[in-house]
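Alright, structures below, take your time with them.
Note that chain A is present in both complexes that follow, paired respectively with chain B and with chain C.
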Partner chain A sequence: MNRLSPFNIVSLTLGFAFLYIPMLILVIYSFNGGRLVTVWSGFSTKWYGELFQNEAFLDAALVTLKVAVISSTIAAVLGTMAAYVLVRGGRFLGRTLFSGMIYAPLVMPEVITGLSLLLLFIGIGLDRGVLTIVLAHTTFAMCYVSVVVSSRLVTFDRSLEEAALDLGATPFETFRLVTLPIIAPAVISGWLLAFTLSLDDLVIASFTSGPSSTTLPIKIYSAVRLGVSPEINALSTIMIGIVAVGVITASLVSKQQLIRAKRDEQEAARTE
Partner chain B sequence: MLRRWFLIAVPYVWLLALFLVPFLIVFKISLSDAAIARPPYLPVFSWGDSIIDFIRELDFENFIFLTEDDLYWKAYLSSLQIALIATILTLLVGYPVAYAMARAPEHWRPTLMMLVILPFWTSFLIRVYSWMGILSTEGFLNQFLLWVGVISSPLQILNTDTAVYIGIVYTYLPFMILPIYATLDRLDGSLIEAAEDLGCSRASAFWLVTLPLSRPGIIAGCFLVFIPTIGEFVIPSLLGGSDTLMIGKVLWEEFFSNRDWPVASAVAVVLLLILIIPIVLFQRNQQKQAEADR
Partner chain C sequence: MNAPVFAPWTDQSAEPMIRFRNVTKKFGDFTAISNLNLDIYEKEFFALLGPSGCGKTTMMRMLAGFEEPTSGDIIVSGDNIGHLPPNQRPVNMMFQSYALFPHLSVWENIAFGLRRDKLPKDQISARVDEMLKLTRLEKFARRKPHQISGGQRQRVALARSLAKAPKLLLLDEPLGALDKKLREATQFELMDIQEKTGTTFVIVTHDQEEAMTVASRIAVMDEGKLVQVDTPDRLYENPNSRYVADFVGDVNIIEAKASPLDGDRYALHWSEAEDALIGTTSTALSDGQSCYMAIRPEKIAISADRPEDAANAVQGKVEDIGYLGNMSTYHVRLNSGSLIKAQVANQRRISRRAFAWEDPVWLSWTATAGVVLAD
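Here is the complex of A and B:
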């Protein structure tokens, strides 16, 4: 099927133009000198300067990063445990409920998750702040992590674990020395997913944050509700840049690993 | 043995405490009365009450209120309608892209895949926001159309339902492209060749072979767009107008502006009941797919 018809080329071009032009405009106009965001009035980086002067944004960025690092790390641990239970746990009481609770948050509207967690925190008298956002983000992020990790665990060759156990490793050693290294890429991509979801979240954070713990998305939302602003364009450009560099690096690294794995395989085949 | 229980118990208890229990609380509060207090609702029952007391004091006032005020059922209906139309539009945009990706030379595909996934990693809020500068009356789209001469005065696009559709198609496009691409990529090319050898034109081979075989991907993509769109808040709030009715926005306003927590909870409960149907259908489709792959 390797024939691209003119129609295919047009749909690829239009499709990717549609996906990328809005962000491109955002990036270009973040270097616009004027306050009017839709009229070009010369190249300038002054909005970046203003952004780094704006302490409210910097504080919010710090809170957001803190929440994202803590919640995605806890979520990676809990999500990996949950995936292990789902794939290897066998039968136990309430297994259906457990897997339901793993998959339900993935499709739950954020407004419902946010509302329900807020009502819980108020019910138990927990003051809203960084802790409550971390708890909320960990809960939905662990479900994403466990989906990513369990898809890796399903395709995993169990005989490797059995061999380790036969050779006298304890179950914990087997997990640490055999299972973990194999599922590590999935755990890392789960962590990354959890991290970006946390950085990105507006709705759940709005419900669960207190006045002293405003996150960046909340700050951005309240700024852009009134219209387009050049500082937000600059901020968006920085965020888009970080993601682009991250994703491209990750895909290059994984490509390199794939090539190395292929070479090792060929090498192994030759020595046999 | 102890270790196994520990492994099961930790994520289990976490999810029970922070997912299931909060839900039960929403359900409980949806059955209570609003009050001007902190928290702004009267408890239906305190923790010590018996089940019988709970049932006796139960009232469905908030749910009856939802049926009486036509704002709510209109918002539910219009959310469903917007989600449905947006899903069809996303399919129409996404299918040709997925199809072309599957036909692209092998060595292009990883790059094309990455280009589809990349926006997914970028902030959702920023992607929605990027359209505000394009669609506003002085925005780039209007400037462009005026310059071309298609229109003589700027169109009002931002703060209308059209802008909401554009926003949904834009942000959810990767969710549509990826599952369709996955099924098309696995499609056996010789089937199409066989159809063409047997006298099918390219178009009819597409209609008779490719399209039916890519149905699982289409269904998965449509659900992945339709389900989250129903409860969407950010898109209608930033791109929609004051007359754009979507239930996620109504719930948000009920909670943050009106501070009527019991009604907000009732709105959430009904939204959940509506969502159960597509979620169950989606799960069934995925299970069937997984079994077919085996």
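Here is the complex of A and C:
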């Protein structure tokens, strides 16, 4: 084992401090008893109670969740299809143009994406609401999904698909029974990525949301402009908690799988 | 005792199962297969042999339907299948990389093709069990491919491709990943299975020993062309060209000018300093035509004195001895400067070896031991 040098310890500490001290302060103050955010006046969970009484926040949370689930699911389907065609479709006219266009929204400033979507929705006379946010989120999340899935497809062993065809599977059966189950982890991580992107999107949502449907980030942002309330600290702490649990679970599960695969392989070598 | 010899290719009336007719395959400007004609018969164990890049895999892939011939026809059992998609062909392929589905168990891998045919459940299950038994994999049915060893994976791939009882089974270097012992055992297993199931096998290999062991006939390929298609023994004893003689087994090639003697015998003038060699060939050579004598090392005798009645005898010094266990290869430098290899079975222990380095020896062989080749 390499011992950490003093230099490494210092840079590690600084890096983590930089990343996590702001969040830590937020978490601590969410348990503050007083209404003033910057003055500590004893431990309390009362703001959590208040939060769950606040209908506006709960509504916004529901809208956000609904939008995130629907848009990331559609994005996962469309993004996977786009990736499959781009990687497997062979050469067709305009292929380079297509693959370039898939990535464009990744580098496009969100303000522009949001604005152009807004203009489109006004142009076709679509009332702004949950539907428009879903459409907007699907549009940009799809690109991320397609990037994740196509990087998996590039390394996919082509002969597996050929073997399926050879055994009498139609091209569609081959995709459903062989390709999809094997690339499923990539599709799922693409879905998760789309989900988190949708959860914390503020810019595009503020262009495409209507008065009746506000998402949580918009709600928080507008609430903060009237002054930071301890309720928002509590809400943010809950969100940090959810994300942390999700990330830790995912990494534990994948680590477990790695260990199991290793053990299986060793066992296979022994039963030779 | 008098079992009929299996040789449908000698029977004029036999209908070939697979016909390649003037098949050409181009990748862009590059011609991978050029104007190839080949007949393969039912129940044959046919081997494609050739150096890397000569087009063996391309031929397989055209049979399986993953590549379309640029021109020409591929006919299987009377049907032109040149443009049929792979999932509609009566052909199954065992991939070099095995291509087992990693997310399915051994059992499900073998059942995959049967399920595509929408067979009833009990029939599928019976057939899979039969395949598991044939390949001795019963114990591993529930495991995933990454939970079994390389040799077992290879047997799963074989079982999966055999399960649908295809008319034709293609094997692309099926044993490449196995060690020598396991490979030899599997070769015999393959032959056994082929005999039991009566399936026509086409195997790709670049291991000439493997081709000789398993195949009823071998096609030797070079740069997208067939050089010779023949039984293993004829390929070895009667190669039609220097390329085949050199590719199949070990051989000494002596360049010479022919002058006809009586019948099919020729005197071969190969060195100013040495007597002409005597060889036979059925192809007519003109006086002074340049040709090659190909002589296998094991057909050359080695002795201390000049043998009296040998048609060909040359003298030299032992330069090197390669000990192979059962055999020893003597590299003998002739007085004229050329190097000839002679192979002798080691019937005695090595300490009793008759010749040592630098010993003067005579090499001799009969007039019919070698083949005389025009090109």
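Keep this in mind: the second predicted complex is superposed on the first by the 265 of 272 C-alpha atoms of A that agree within 3 Å, B and C clash if a C-alpha of one lies under 4 Å from a C-alpha of the other, contacts with A are read in each partner's own complex, and residues count from 1 in each chain.
By our rule, contacts are C-beta pairs under 8 Å (C-beta built on N, C-alpha and C of every residue); 3 or more make two chains touch, one makes a residue touch a chain.
Just so it is clear, the model here is predicted, and its values are computed rather than measured.
Upon superposition of the two complexes on chain A, no clash is found between chain B and chain C, which fit side by side. Of the two partners, chain B and chain C, it is B that touches more residues of chain A.
One geometric descriptor of the composite model is the angle centred on chain A: between the Cα centres of chain B and chain C it reads 100 degrees, in steps of 10.
By the document's definition of touching, of the two partners only chain C reaches A:264; chain B does not. In the superposition on chain A, A:54 contacts neither chain B nor chain C.
Within the superposed three-chain model, A:163 lies in touch with chain C and out of touch with chain B [touch as defined at top]. Legend: residue contacts after superposition of the two complexes on their common chain; A:173 is shown touching chain C, with no touch to chain B.
Of the two partner chains, neither chain B nor chain C is touched by A:99. Using the contact criterion defined above for the overlaid structures, shared-chain residue A:181 touches chain C, although it does not reach chain B. Fitting both structures onto chain A leaves chain B and chain C with a minimum C-alpha separation of 12 Å.
Touched by chain B in one complex and by chain C in the other are residues 171 of chain A.
Within the complex formed with chain B, the chain A residues making contact are 1-5, 7-9, 11-12, 15-16, 18-20, 22-23, 25-26, 29, 37-39, 78-79, 81-82, 84-85, 89, 92, 94, 97-98, 101-105, 107, 109-112, 115-117, 119-120, 122-123, 135-136, 138-139, 142, 146, 171-172, 196, 199-200, 202-203, 206-207, 217, 220-221, 224-225, 227-228, 232-233, 236, 239-240, 243-244, 246-248, 251, 255.
On the side of chain C, the complex with chain A involves touching residues 64-66, 85-88, 91-93, 95, 97, 99, 101-103, 112-113, 116-117, 143-144, 146-149, 151-152, 160-161, 164.
Note for the complex: chain B touches chain A at residues 3-4, 7-8, 10-12, 14-16, 18-23, 25-26, 29, 39, 93-94, 96-97, 99-106, 110, 112, 114-119, 121-127, 129-134, 136, 138-140, 143, 170, 173-174, 177, 187, 189, 192, 227-228, 230-234, 237-238, 248, 251-252, 255-256, 261, 264-265, 268, 271-272, 275, 279, 282-283. The residues of chain A lying in touch with chain C in their complex are 157, 159-160, 162-171, 173, 177-178, 181-182, 261, 264-265, 267-269, 271-272.
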